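Shared between the two complexes below is chain A, which pairs with chain B and chain C, respectively.
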Partner chain A sequence: MTNIEWEPLLEMFIFETTQMLEQLEQNILKGEEAKIFDASDINEIFRIMHTIKSSAAMMQCLPISKVAHSVEDLFSCLREDKPQNIEYSILTDLILDVLDFMKAGIEKVSARVELNDDPTRLIQKINDRLYAIKNENGDGNKEFILCNNYRATIFFEDDCGMEHLRAFTLVHNLKEHTESMDEIIPSNLDEDKSQEIIKQEGLKIRFRSLKTNEQMHEILSNNPFIRDLLFEQILEEQETLNTAKGESYQSKEGGAEEENTNKTVHQNLISVNVTKLDMLMDIVGELVISEAMVLQNPDLTGLKIDNFQKSSIQLQKITNELRDIVMSIRMLPLSTTFRKMQRLVRDMSKKLDKEVRLITSGEETEVDKNIIENISDPLMHLVRNSLDHGIESSEEREATNKPKIGTISLEAKHVGSDVLIIIKDDGGGLDKKKILAKAKANGLLHKAENEMSDKEIYNLIFLPGFSTKESVTEFSGRGVGMDVVMRSIGNIGGTVSVDSKEGAGSTITMKIPLTLAIIDGMIIQVGKGWYTLPITAIRESFRPNEHDIIKDSENHEMIIVRGQCYPIIRLHELYKIHTKITDFKNGILVMVEQGEKSICLFADALLGQQQVVVKSLPNYIRNVKKIVGVTGCTLLGDGNISLILDIGSLIDFRNINLIKNYKSNL
Partner chain B sequence: MKKVMIVDDAAFMRLSLKMILEKNDYMIVGEAENGEVAIALYQEICPDIVTMDITMPVMGGIEALKEIIKKDVSAKVVMISAMGQESYVREAIVAGAKHFIVKPFKEDLIIRTLNSLS
Partner chain C sequence: MTEAMLDMELEQEEDTQKDKYLIFALGKEYYGIEIQRVTEIIGVQPITEVPELPEYIKGIINLRGKIIPVMDVRIRFKKPFKEYNDRTCVIIIDLEEISIGLIVDGVAEVAIIPETEIVSPPEMDQNSNRFIKGIGKISTEVKLILDCYQLLNETENEKLNSIDNGRESI
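Let's look at the complex of A and B:
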């Protein structure tokens, strides 16, 4: 497997198998929820296992292949037998074990580590389960149920003579190993003319047997007169396909065509190395910058160049499309991440003996692949916390008149250029007193207790070294909790906030950017400086009427638009920029929103819309001073640098200032 | 070493079979020139494998095969047939013969056939 030529195949194998395993996990959990596996579930699981079995064998991952094989047996029993008496939860546990085993295996394969896991115990468990199911549903013809379907094409030795009688003998002798002989071609072995047919086209048989593929193959190849043997196991689907069309196995061409069309469909998908995509993204970023450099080249100012303008519009259009496509390639739905949570909740609630239901919504929301990777762990941590610390035990819940089954909801949605992921539980909620006591004990309080708002208290849990749970459980509460979540979400430019109601549960909201790379921006001017606002955040821009502006007692300016009151931030004041335009009638107000909050920013002028490549602020700036409301910077076409404003933190800043001023004036 | 009994009315055939088999590590424990002798001998020497000609005087191969199978269901009998004896071969197979070899036979085919029975 270290062979280079295997590499593309191996990647495909890993990719496909991982996908199938995830799909499988989903099916299993669904089946458990409904306390029943319907026929299509069973078929699907069977099919997936069958596929994994053969592809794993191809890739020399024998442990995986072997395990898949026994699961296949188990499900073929479920499929054919339709036993009534299945311990669904035992079965689910078992299959999930199998999934874990396979996942671990695939992980090893992708890390190019030798796969030497011993599957014997697991296989034993599967077989035991199969045996138990068969026993519990003991019926006479159970053996028939486990029948495998085979077909074989046999050519006899050239000089063995009497081929039709050889065939007759073979079929006759085979009877002791088969349950039924479904098809023999040529059908009449008594006729002399079938001798020629067998000589030319071989003997074709289809039969059912309890024997495994290997056993059957051995039995057949033991026949001394066989020169060539084509032997295979038939899957149910293939079989129905053929019979439905009224075709016998003879119509080989038809089948081959079918396979071909299938293949072309498959080849529409290719897997690409992510680093290549990253490179592509970088290059598109550079392209966007150089496009701006060309089109806004200072040398062009004042020239009358109509044709150039036309072509440049075309160029802009294409770069836009290119950017959109590259970004969309990198987008993945959150469903995979959410599915992992389903599994987590299931496993944990069993171990903790709590009844918990996970409701997910918005899993189709797409985010950049890099971001998905970064939020998976924090999300898992948060869900764990909710389950372990949030949701109470069934008894406690009943005592407080809550539904016995706890609910955790996981929701994802787009808000502007951000994605919100909300984890909500209907558990006990955060205990303010405990938090305060704990924070005090750990010396994390820097403010008088009675001065802290609820939100501030809740936010204490994000401080490093904070953990209210006395006992450390298997799942959460190792004391490395929320601050790690905070940090990893912060690393990708997101924020985490928490809200809670005692006795009614808590809500944790993660706000993460949709993408890290390129955004549509509006360039605004303040004094000599240029700033960029994300287009998606802008609601409108307008020149205000003087009489719409009002001031509160603290001289905070606000504006009334259509009956609503919005606070105003003068950017030149905030960033202490000298500008001639300080009067509202000379500048412009840009109304921006984030979530449900809106605010008006006062700038000198709008300069125009442009795609900007987001670059993070260099460390030497970030380390020296935290600049309010700036997320990053970007390079404009003329080489100028523009700071990208972060609407959310501007709104927060304004609110905090209001509170601060209010308090200091008391 | 496998014990084989050869049943054939032609001494030449018995000899050639014997030579082929002995060369290939089979032990010939008995020879019979017709069905009746074969049945008696079978019970006496209990061979692992029987090669059985079809047309023989006194009692034919098919009849002998049926008797032998009646006494020992697990008997491994290989029929030796000539061209044109299809219907007999079919009957023999139904009656429980494991394989059949067509005369004139080739050494390797015989050996492979017998090997496959063990």
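Let's look at the complex of A and C:
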């Protein structure tokens, strides 16, 4: 087989295994919280390990397969023996090690790097644990405990014939895997009369083996012509049949049924390559555009075409629906991202010796896949910061009458067309003085200290080259800090802000757009060009009265609306566009807001509302220059291109200009 | 096996494109551009202006749903602007994942210029012919071979300047 034929299989393997590992991680963490693994968890873990073992072996990822195998053994022991006093934290640590090992392995596989990690040490650790568990719960005789006792009753298929000979071969084969064969009923398989007995009562065997229940079951069921297989493990104390134990593996059919139910659940989902989705998205975008091209075709003007209009409305409906569906396909819940944080908090709180609880809410909130990929790292960074810098040590907490266990809460919710992700901790909060001192030392202050509001001070931490923690730890404080968070969130059109109360903790809010792909836009005209404003940012548009407009000493125009004063940006001046409309009474003002700030944009005219497909500007242009206030572009119905304006940066731009003028006047 | 075949095909393709140049006119001069860089040639389309860009980048065009920047090579070469007409063409080139359209006065032909017929440009001062990487001869005519890479990337100096200006403004 060439590599090309392997590719789809391999992708499937990577996808499935990653998913299973994630699920496993969740199960483990859940189990740890509850300080116990219940039977369904153990079964689930066992099942996952079993699947990984076989699929990894198939894909020739032997290290993964081997590790999965030994974990499977371990959990089969947990499942079968139900040992009582297990050290759950040791067990979870071990399993999490395994998960990390596997994840690293899968990463290597997906990077198409040869997988050569040595699993021996890990396997050794797992086996040690297995012995330990068995010893603690058994009578201490290692040799003996490891030798499991099994009993099986086998029925052959009705018309296979020669049952006694088949039984003979089976027993013979079985001997290779067993330590001792204790009992065979009927005892004399050479004689013809045993044929009938086997037919009636089945072949009953009892044996001891080093193999696990699961392996033995496999070996047994691999024999040909078996109709029914009753198979169970016998513990020394309870020679009698334990029904609860027998349940899971009573017969082949039973097992198969269990598998089936699992499968039907899985078949509702199919995994699709993201590039295909992107292509679909693009095509639908094209469709929306060409639909507009057809329906607004200039050839149609003045024609009386009722039927055409009717069908076109129908067409519009369908394309809208199609677009919504395609958009929804790309939406993913934030839960996977949040789960990663659970793990992070667990590991870190152990290492830092702080007791911290992570509460998540709103993890079902869905956002575009691109966005999920982009917020994972910043989020991790923020949670890490909260844990490392925010939450105090247990002693400090007790001294200040706080609950010993620190709390970090992670919340996601929809607000308009944005999603807010809020990270809140009940730690020490931000130290204003320290921040100010640091900002001063690094030359980051642009304003007099006493003029700054608390919020402004706190937000200094997002500036490049800022990190208050003196000591560099393993987890955070390397100086590349919040500015990286700011930048990566900014890249997807989001914003980050921080608020804090000294002694009571801090809150970091990330505001990110729901989707990057399609927005509701208002098309405005300036000169010959069309610009698109996101509808959600628009508060109102109006034609101003001349006498409401005031100018400050630097000729900055402002307008009073209902007693409030808003700055005005003339788009044609900002972008040096040639237009005839420079008088306020001929054009229109659009008031837009972002966060708590509002600003009025002066444009020639409003052209109308339209859903637009956001496309990024060509690479070449982005490389040449970052254009203030332009985030991307879109194709309009007539094939023309419109630039999409970014309100946030327009407001910032205006503020920067004000500062500049303020400084130059000093 | 399949890979080997692909390689062969690629080689063949390269062979057929080797030494071929698309010749276009810019004022009185004729310029050549390696044919494997060219994806297509189109007439002038409505161009959407993008603010704050250097003058030679005219804006962006919509090429069947793909948004592509266009550069007026005349202005890039500091020649006077010439009103676009029927003869004006946009040559779409692909260079390391970057697509860009070059606005030229007109496209002449595809010519074969063997390597032996190309001489390197005379070295005058550093800036004068940074976009020309060779001079090709076809009988008595001379074609200037464009260095596409320079054409797209020789903005470094200007970019740095603009960043400095930006700093001052903040």
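One rule holds in what follows: the second predicted complex is superposed on the first by the 393 of 666 C-alpha atoms of A that agree within 3 Å, B and C clash if a C-alpha of one lies under 4 Å from a C-alpha of the other, contacts with A are read in each partner's own complex, and residues count from 1 in each chain.
Note that contacts are C-beta pairs under 8 Å (C-beta built on N, C-alpha and C of every residue); 3 or more make two chains touch, one makes a residue touch a chain.
These figures come from a predicted structure and were not determined experimentally.
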Worksheet item: When the two structures are overlaid on chain A, which partner does A:Asn222 contact: first (chain B), second (chain C), both, or neither?
Response: first
Discussion item. After the superposition on A, what does A:Lys528 contact: first (chain B), second (chain C), both or neither?
Written reply: second
Discussion item. With both complexes overlaid on chain A, does A:Tyr620 touch chain B (first), chain C (second), both or neither?
Written reply: second
Worksheet entry | Partner chain in contact with A:Met279 - chain B first, chain C second, else both or neither | neither
Fill in: Contacts of A:Leu635 with chain B and chain C, given as first, second, both or neither
second
Discussion item. Going by the contact rule set out at the top, does A:His172 touch chain B (first), chain C (second), both, or neither?
Written reply: first
Discussion item. Looking at A:Tyr575, would you say it contacts chain B, chain C, both, or neither? Reply first, second, both or neither.
Written reply: second
Fill in: Dominant contact partner of chain A by residue count, chain C or chain B
C
Discussion item. Per the definitions at the top, what is the overlap between the chain A residues touching chain B and those touching chain C?
Written reply: none
Worksheet entry | List of chain B residues in touch with chain A within their complex | 81, 83, 86, 89-90, 93-94, 97-100, 102, 106, 109, 112-113, 115-116
Worksheet, complete the sentence: In the complex, chain A touches chain C at residues 2, 4, 282, 285-286, 289, 528-530, 574-577, 615, 617-621, 623-625, 627-628, 630, 633, 635, 639-643, 656-657, 659-660
Worksheet entry | Touching residues on chain A, where the partner in the complex is chain B | 157, 159-162, 164-165, 168-169, 172-173, 190, 192, 222-225
Item to complete: Going by the contact rule at the top, pick out the chain C residues touching chain A in the complex.
Response: 1-2, 46, 48-54, 57, 60-62, 65, 67-69, 97-100, 152, 155, 159, 162, 169-170
